[in-house]
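Following are the structures in question.
First subunit A sits with subunit B, and in the next complex the same chain sits with subunit C.
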Partner chain A sequence: MGLTADERWGLVDAIAQRTVAFGISRQTTGDVLGELTVKPLTGIPTALAVLYAFWSIFGSFAGVLVTDGFMIKLFDGYWLPWMQAAWPDPGSVHYFLFVGDPAAETCFEAFGMLTSGLFVSFGVVLPAIFVFYLMMTLLEDSGYLPRLAVLMDTLLHKIGLHGYAIVPAILGLGCNVPAVTATRTLETKKQRFIMMTLLALFIPCGAQLGIMLQVVPDTVGWVLLYLLIGFVVFGYVLSRVIPGSNPEILIDVPPYRWPQRANVAKKLWNKTRGFLTNAVPFVMLGILIVNILYLTGFIGWLADLAAPLFVTWFGVPKETVGPLLAAFLRKDLAVAQLSTIPMTSYQMITAVVLISIYFPCVATFAMMVREGPRQLLAAIGVLAAVVLIYGGLIHAVGILLGVA
Partner chain B sequence: MEAPCRGAELVTAAVGLAAVACGAANILVWAGLYDGIEIGIMAIGGPDFFRWVWGSLVVVFGGVMMLAGARQMHAVPGYGKVLLGVAMIGIIGGTDIFALICENIPAGEGAQFFNSATGFIGAFAPPYPPAVVLLPFALVIGCALYAGRADDGC
Partner chain C sequence: MHDHHDRLTILMMGNPNVGKSALFNRLTGANAVVSNYPGTTVDVTKGYLRKDRHSYEIIDVPGAYSLEARDAAEEVAVRILDTHPDAVIMVVLDATRVERGLYLALEVIERGAPCILALNMMDVAQDKQIAVDAAEMQRVLGIPVVATTAISAEGVKHLADMIRKAQVADLSAIRSRLNGQEPDQGAVARCAGCGGGGCR
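And now, the complex of A and B:
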């Protein structure tokens, strides 16, 4: 037997009397700051300040303190010389695979599984990933990220997305794998495709950023500028070319809260553990495969084959073919490998941008496969077109500026 | 809410004005219009785009917010703006100090890992960047404002 309308309303009144508190509402400091940080006039300068803090702390902790301050000394001063002395038979294949170049003075140059592999994983990328996810979790738990989404909504609508696309975009700066998963929060297939493609192309992951800060610190700004321009321009083009809608959404903005220490620690541990279990084996495997390809002469053959494209069209040395192959396994590894190839500053910028845009790493690729074969094929088609067009354009800009 | 206090408003406006001036000077020095400026314990100017242009821009915005909120700092909108301005100057000053700490915990070139205590403390000798000099003033304003509002039950 159902309730009558009067009985239902009576029930509503009874529940409301027991659960709703009545009183005078007053604005708290959090409310005042919450309002100011979503208004463009005050919110955009705040966003600039928050992002400045994000990158300043990232660079100071991961780059200056941990990697430059301790890890380089530990790996180059103790670990590498010990491995070079202790591993038997410096002329052998196993020495080349595990220790690398016997004459190398730094772990970047050695390129062995147990020298460069461990250094890149634990000395450079782990501190970068740790501090990135710490900052990200603090922003997320404090309630700032939804406000950033509101602020970015107008701009992101110009490239066929809405404000919440900022979440996968920022997540992608940590790792593209969770970022591809986060694209599912977007409303339409068109938005998901655009975001996934832009992530794979123009958002460098935290590992890659960490290694870029380490090996090419002077050119990181230019690389990021080229990637940002590419993100906006190709996003605009894709939003015009791809059919589908870009609906408005309502964003629920929570109040500001102090992040809970236990929650932050738990999230940080989960994400860092994910890196240790998923990414570290890929770094090791990447070095092993690239070393085997070098030994068999495959990379030399491929470099000769692709030389016209690389040298003439992209304006980079043909030796960058090897790092581009490694980039499919780990992009951070590929950037580390680039640092050992002699080239001009502009060629280095072009090569690092090419590594970022030419193909997603294998872990991201696996996530894209799960999004469906049609989406994947279309994304690969767009990737191929963009890398040819944008790589050539960067070379053309360099020629016009007289630096390429 | 407390009754408006002219002295507090003037101090806030003065710190805001100093932040705008120092931030703008930083950008002009970076752009090459002036050589580096040193006033007492404060040094303005440096080659790093990230720290000296982006950071200085944030200091300028922080100063503008403090100026905008100073006249009505005891009412909700003005209070919010001043607090946000203080936070922005605090972010730049805080990250400058954090960078200094990170740079000086490890020893420089050589076999040692950790810097000596005297070496570490010596790194904090003046001159300081403008945001670090402005930081104590901004923090005092921010804390006083926050405490006043908390007393008011907000």
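And now, the complex of A and C:
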């Protein structure tokens, strides 16, 4: 057929020589910044500062300012008592489904569709994902992400990935669904499989992070540390076990640009709309299904059945089985539900980690089916093994530390 | 009514992060996600453009460095190209990185599809003191070459006007033009030399 690559490049050079002229270009502030943020000596401190700033703005804006400062007061102080008083028939099934526990003091405990459902959706998760995506968009549009990829390259190569895997990983912190498709930029099947599995296991989404800030505000650091350790350790194991190559990649680092206000606003609006139309119905549906399963006694039965595994192996109360079921629909909802089960703070850490890793939510699962139906079975096998091993390990660490 | 039948399909192709999605949004008013990192678009987005009496279906294709796909996003790009044999290809170039864009453009040209070339990010090129001669490139390649800046919409209207002038380029003609000879006169040559400016 046509040209060889060399002939093609020859032609490209000839055309470029005719049409492109380079003047003397001055180094701009952007160029200098670009250099400083990829050189390890200055780049690593910058990356740590950026990620720390990201997390602390996320926590203080979504958690402290909006949810604690405003939403909790609104929902627990006015909405919940009003619903409890106004909804007829506290003993009835519809009261249980819509309002929940008539004696509940907080919207976390009540667990009705119109109490906990609205509170989790609008009081906790909406502000969390809003501020998350605002910062995320700034990172995306400025051109910082590929630079982070350059910095992470050496580290990620140790777990069978290359630096660019940081892009799906960070997108996954917003929502795992687009992150699964973003693994398409990885080169080999091996890399895609490892990244998808690690995503499903160890990357909590923005909604989940937001609710974690509320439910385990003091120990959320531990949860994240366990997830990070799991990401690295199991990534390392997978990269040894799975056949295939992990080639070097040349990353195209674009120049820094100012994020455009219109583009940022458009993306934020799309994400928010997506949350309202896709996520909120699932939160409501999740509460409905879980409540019905409670009423029919199914969850009680399953809890008894799973008790040996949960109590002896994972070291968490057997009631945790209910939230784990809900986690298939929405992980944020599941974490919210955990807060109503009495347990020690270490048990809570374990349970939150378990919810994160045990299975991807239904939306992510559907996307994984689409992207790699053949590898999915293998992924589920890995998933089950990791949950059992890691859940037990976390319990063991707790015993060693004397807190479990 | 019948415009469904004579609707032309345009595939927007180019290296990652050259602004295909930004240009696509400008042309179609669609909502493709635009970011400043390579690999933002990994799937296909469709949009529509009506220009004068012409109506186009425009497809935003994931970025590719070459048609020999290396990753799944590039595979998507090649597959779309294969499944739209009648489409016009709009190759989008980053004016600050012309060479690698031209490589892909030549691969596309070799396949024999009608092409048009958008030289995007002209604003950045200007800042970097890189001058790209769109008129000369149009003369050499024998396909319309339009300078654009998607971010400010500069050149976008002209690009839309020129879509219908997309040409099948001929490699041997390109070679002889590079050697200083004028090949036989075709529809292409009539278009040459107008600088992508006034070819109406």
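Things to note:
As a working rule, the second predicted complex is superposed on the first by the 381 of 404 C-alpha atoms of A that agree within 3 Å, B and C clash if a C-alpha of one lies under 4 Å from a C-alpha of the other, contacts with A are read in each partner's own complex, and residues count from 1 in each chain.
The criterion applied here is as follows: contacts are C-beta pairs under 8 Å (C-beta built on N, C-alpha and C of every residue); 3 or more make two chains touch, one makes a residue touch a chain.
Computed from a predicted model, the values in this text were never measured in an experiment.
Once the two complexes are overlaid on the shared chain, A:Asp13 sits against subunit C while remaining clear of subunit B. Of the two partner chains placed around the shared chain by superposition, subunit C is the only one that A:Leu3 touches, whereas subunit B remains out of contact.
Contact with subunit C, but none with subunit B, is seen for A:Pro254 once the two complexes are overlaid on the shared chain. In the superposition on chain A, contact of A:Leu186 is made with subunit C only, not with subunit B. Once the two complexes are overlaid on the shared chain, A:Thr28 sits against subunit B and subunit C alike. By the document's definition of touching, of the two partners only subunit B reaches A:Ala53; subunit C does not.
Touch criterion not met for A:Pro281: it reaches neither subunit B nor subunit C. Looking at the superposed arrangement, the partner reaching more residues of subunit A, out of subunit B and subunit C, is C. Subunit A uses residues 28 to touch subunit B in one structure and subunit C in the other.
Those residues of subunit B that touch subunit A in the shared complex are 49-51, 54-55, 57-58, 61-62, 64-65, 76-77, 79-81, 83-84, 87-88, 91-92, 94-95, 98-99, 102-103, 105-106, 111, 113, 146, 149, 153-154. Across the complex, subunit B is touched by residues 26-29, 32-33, 35-37, 42, 45-46, 48-50, 52-53, 55-57, 59-61, 64-65, 68-70, 73-74, 77, 221 of subunit A. Those residues of subunit C whose C-beta lies close enough to touch subunit A in the complex are 15-17, 31, 33-40, 42-43, 62, 70-73, 76, 98-99, 102-103, 106-107, 110, 124, 127-134, 136-137, 140-141, 151, 171, 174-175, 178. Every residue of subunit A that touches subunit C in the complex is listed here, in rising order: 1-3, 8-9, 11-16, 18-25, 28, 137, 140-143, 145-146, 164, 167, 181-187, 192, 251-252, 254-257, 259-260, 263, 266-267, 270.
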